[in-house]
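The same chain A turns up in both complexes below, where it pairs with chain B and then with chain C.
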Partner chain A sequence: MTGRARVWVLHGGVILLLFLLQFVLPDYHHTNVARIMVLATYAIGYNLLIGYTGLLSLGHAMFFATGLYGAGLPIYYFGLHPVAGFLLGALLALVLAFVVGLIVLRTSGVAFMIVTMMFAQAFFLATLYFNGVTRGDEGLVLAAEARRFGFLGLDLDLAEPATRYNMALSLFTGALLICLALVRSPLGRVMIAIRENEERTRMLGYNARDYKLLALSLSGLLSGAAGAAYVLLFAYMGSSFAAIQYSILPLLWVLLGGIGTVIGPLIGTALMFYLIDKTSEVMQSYLIVVGAVLVALVLFFPKGLAGTLRQRYARWLP
Partner chain B sequence: MEGTVTAFVLALTALGLSLVFGVMRIVNVAHGEFFMLGAVLAWGFTALIPELPFWGFMLALLAAPVCVAAIAVIADALVLRRLNYEPEATIVATIGLLYILQQSVLTLYGPNAQPVVAPISFRVVLPWFGYSGYKLVVIGAAALLLIGVWYAITRTKFGLVMRATQFDRETAQAFGVPVKLVYAAVFALGAALAAIAGVLVVPLQQAHYLMGLDPLLLSFIVVIIGGLDSLKGTVVAAFIIGLSDGIISMFFSPTLAKIIATLAVALVLVWRPQGLFGARAR
Partner chain C sequence: MSFLRTEALSRSFGGLAAVAGVDLSVEPGEIRAIIGPNGAGKTTLVSLISGRVPPSSGRIEFDGDDITALKPWERVLRGIVYTFQITSIFRNLTLAENVMLAAQRAASRDQPLWRGLDDRAVTQAVDAALERVGLASRAQELAGELAYGHQRLLEVAMGLALRPKLLILDEPTQGLSEQEIADFCALVRSIAMDATILLIEHNMDVVMALAQRITVMNNGALLAEGTPDQIMNHAEVQRAYLGT
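Moving on to the complex of A and B:
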């Protein structure tokens, strides 16, 4: 098989597998996998920036939460149509990422990490400050009626597990295909070139800042789309999704799954989701696994699962 | 008065972060957890001899920083050194360390806040209002320590070796400076300073496993405002932030004050990375 065929078989196979899983999974795992697919979309968005452009952000929770609130609040308060809400949330995250990018891309390296973290912290504090609207940590729950809607002649109810699962799958598939197409396109090549050697890329006549801004905006868009889908599918929005932990989790997922691989974010998200889930059943301080896995990955396994696989066996993995 | 205590405690904590960044070129995200460990260990040590609160506190003041420094040395040897102090990898590793320390404390110590009795309980009574004498003790102890650190850096052999390492790691190594040892010592010293700040503060606010986050963010703010390389700038900035914190919170809600401060500092880092008081980079 050629490299191109292998790529399509692998990624098509994963999506087919996820589609078939819904018919065999018990209820509990059915919901979990839907959640994992939405969070993996967030991880794919994060990976566009860290994995393919080489920018380590510690503030992506602000984009996820912008999608979450941008979709959720208008639906909650003004009864906006869910599809319009989803588009609005994703669009707002894109705009925020673009504006934030104009500022933070003046820095690089460690300063970039700290500045993105501080912007996200300010965003988190703002969700607490506007407690009257967002209800802060307590959060808001979307009513069942708000999640029932007609679209293209279909009657959809997002509280329905099958609908929810397939919506999550569509979102994830879209993100996966966008990522796959992007990293194999000329634009993706320039992004990777910036990751490998920014100076040289600039010498070749590419405006590195513009490409980084584009990568950050796309990354924000995907993260925001994941956030918007999250509130629609799981009906809850709260400040905790804007907290620093939600900036660190995508980093963890991507590092575990394989930084700079298309399939890695899904693997990392799924493993970490179940690891945290199982640990929280046995102990109160389950977040210790987040710390332990982060340290272990950085020390012993910096390429992650799919990255190591690519290095050892499958050079063609995108 | 409240602001002065905040300023001194903040100066100690931020000085630790600044030292580690200045010499080792790494951002220690787990710094706030060293502060928290100091406070929690202070509770542990004073609880050993509850009938003698004064000596219990003295024991805590000596033993807690030593324990925290030991933890820092272990973290340095097991994690940071193996990463060769590569800046971005170290940040990710210290984020991991933050969770490990915080969640270990949650396991061993529990989720409840615990009070520690102040070692002295006299009040300084002035004609118009009174002060808790302990706050004066905190200010005095912190001032002594700041002077001590300044003396150690500028007047001792260790300080000289440290500054040489900071200035040029490779040349220092070529001249026989044991760079690894210096790094371990600086990391331990930075952690110990945060731990002492934690011990000093714990009679005024209770020990809790999540108490490390605020000092961490404030220390970041202080170190950035003061200039990433300048210890003097760090101390000056700690006073400005510490003293203005109370004043700003009088006019705005504390949350709004934090939002404004965080954004302002982020913008400082973008447009004046050398800090408001630092000199332009070489």
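Moving on to the complex of A and C:
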């Protein structure tokens, strides 16, 4: 098989597998996998920046939460149509990423990490400060009626598990295809070049800053789309989604699954999700186990699961 | 009207004047060698011309325009291409991918990258550039796995794929064998058919074989300029550089 065929078979196979899983999974895991697919979309967005452009952000929770609130609040307060809410949330995250990018891309390296974290903390504190609107940590729950809607002649109810699962799958599929197409395009090649050697990329005639701004904007868009989908599919929005933890989590998912691979974010998100889920079932100090697994992975899979597989066996993996 | 002209071009690092008041003028189609002892300011001078280093004062004219204020990537789009002295390639990418980055830039010179690129033409340009430097058979190898001399050739291939008007070669023959140097000289001559070349080189045989004119630098300033014969017989040059 050629490299191109393998890539499509692998990623198409993963989508097909996820589609078929919904018919065999018990209820509990059915919901979990839907959640994992939304969070993996967030991780794909994050990976676009760290994995392909080489920029480590510690502030992505602000983009995820912008999608969450940008979709959730207008639906909650003004009864906005869920589809319009989704688009609004994703769009606001795109705009925020672009504007924040204009400022934070004046820095690089450690300074970039700190400045992105500062912006995200300011955003987090704002969600607490305006708790009259957001209800802060306690959060808001979307009413059942707000999640029932007609779209393209279909009557959809997002509280319905099958609808929710397939919505999450559509979102994830879209993000995966965008990422796959992008990183194999001329544009993606430039992003990778910036990650590998920014100075050289500039001397090949590319204005590196513009490409980094574009990567950050796209990353913000995907993160925001994930946040908007999250509030629609799981009906809850709260300040905890804007907290530092939600900036660190996508970093862990991506590192675990394989930084700079298209499939890695899904693997990492699923693994981490079930690791916490299973260990917290049997003990209270489950974070010790999670920590130990992370250390082991760093030792034996320094580039994450998919990244190390690529290095050893499958150089064609995008 | 010169093709490339610098006027009182200077650059200091802290208190050190690496390049001081250089007036250089290069004619179109010329192969110009720049020689001088280590630390004479050769690399700084070409870095100023390529825009990698901003000047402290002075101005640069290229192809009739003042380019002093242009960013390095804007100069690349105008045809000023720099190949690095300290090899600067994408070590984790294949040779083909390295050259592809240059070729797709040349192909999308007048339009944004996301607007239709002719993939076939870009691939052909990649193959052609690798062919010219003799690395075509190794297109799918990782650049970081090449021997040092071949990494230098890859640099040149990336430069070629950018379709330069002015190609700056900074010590390109370092680490090449005798036979490879001979091939390289032939390559430079063929490049010079449709580009102007600035060549920094320590190997005097290469300089004498290729250059039509030679500029000698010492302590950041121009010491002499002339044909190879004139330079060989220049008393000051011999004292400062040739050591005889």
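Note that in this section the second predicted complex is superposed on the first by the 298 of 318 C-alpha atoms of A that agree within 3 Å, B and C clash if a C-alpha of one lies under 4 Å from a C-alpha of the other, contacts with A are read in each partner's own complex, and residues count from 1 in each chain.
Heads up, the rule we're going with is that contacts are C-beta pairs under 8 Å (C-beta built on N, C-alpha and C of every residue); 3 or more make two chains touch, one makes a residue touch a chain.
The structure presented is a predicted model; accordingly, all values stated were derived computationally and were not measured.
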- Touching partner for A:G109 - first (chain B), second (chain C), both, neither: first
- Message: With both complexes overlaid on chain A, does A:A193 touch chain B (first), chain C (second), both or neither?
- Response: second
- Message: So in the superposed three-chain picture, is A:L56 touching just chain B, just chain C, both, or none of them (first/second/both/neither)?
- Response: first
- Query: With the two structures laid over each other on chain A, which partner does A:A122 touch: chain B (first), chain C (second), both, or neither?
  - Reply: first
- Query: Who does A:V95 touch here: chain B (first), chain C (second), both, or neither?
  - Reply: neither
- Message: So chain A touches chain B in one structure and chain C in the other; where do those two contact lists coincide?
- Response: none
- Residue set of chain A touching chain C in the complex reads 185-187, 189-190, 192-193, 196-197, 199-208
- In their shared complex, at which residues does chain C touch chain A? 50, 52, 71-73, 76-77, 82, 84, 88-93, 97, 100-102, 104-106, 108-109, 113-114, 117, 122, 158, 162
- Note on the structure: Contacts from chain B onto chain A in the complex sit at residues 27, 79, 82-83, 87-89, 91-93, 95-104, 106-107, 111, 217, 220, 224, 253, 255-256, 258-259, 262-263, 265-267, 269-271, 273
- Item | Interfacial residue positions of chain A with respect to chain B in the complex | 56, 58, 103-104, 106-107, 109-111, 113-115, 118-119, 121-122, 125-126, 128-129, 248, 251, 255, 283-288, 290-295, 298-299, 302
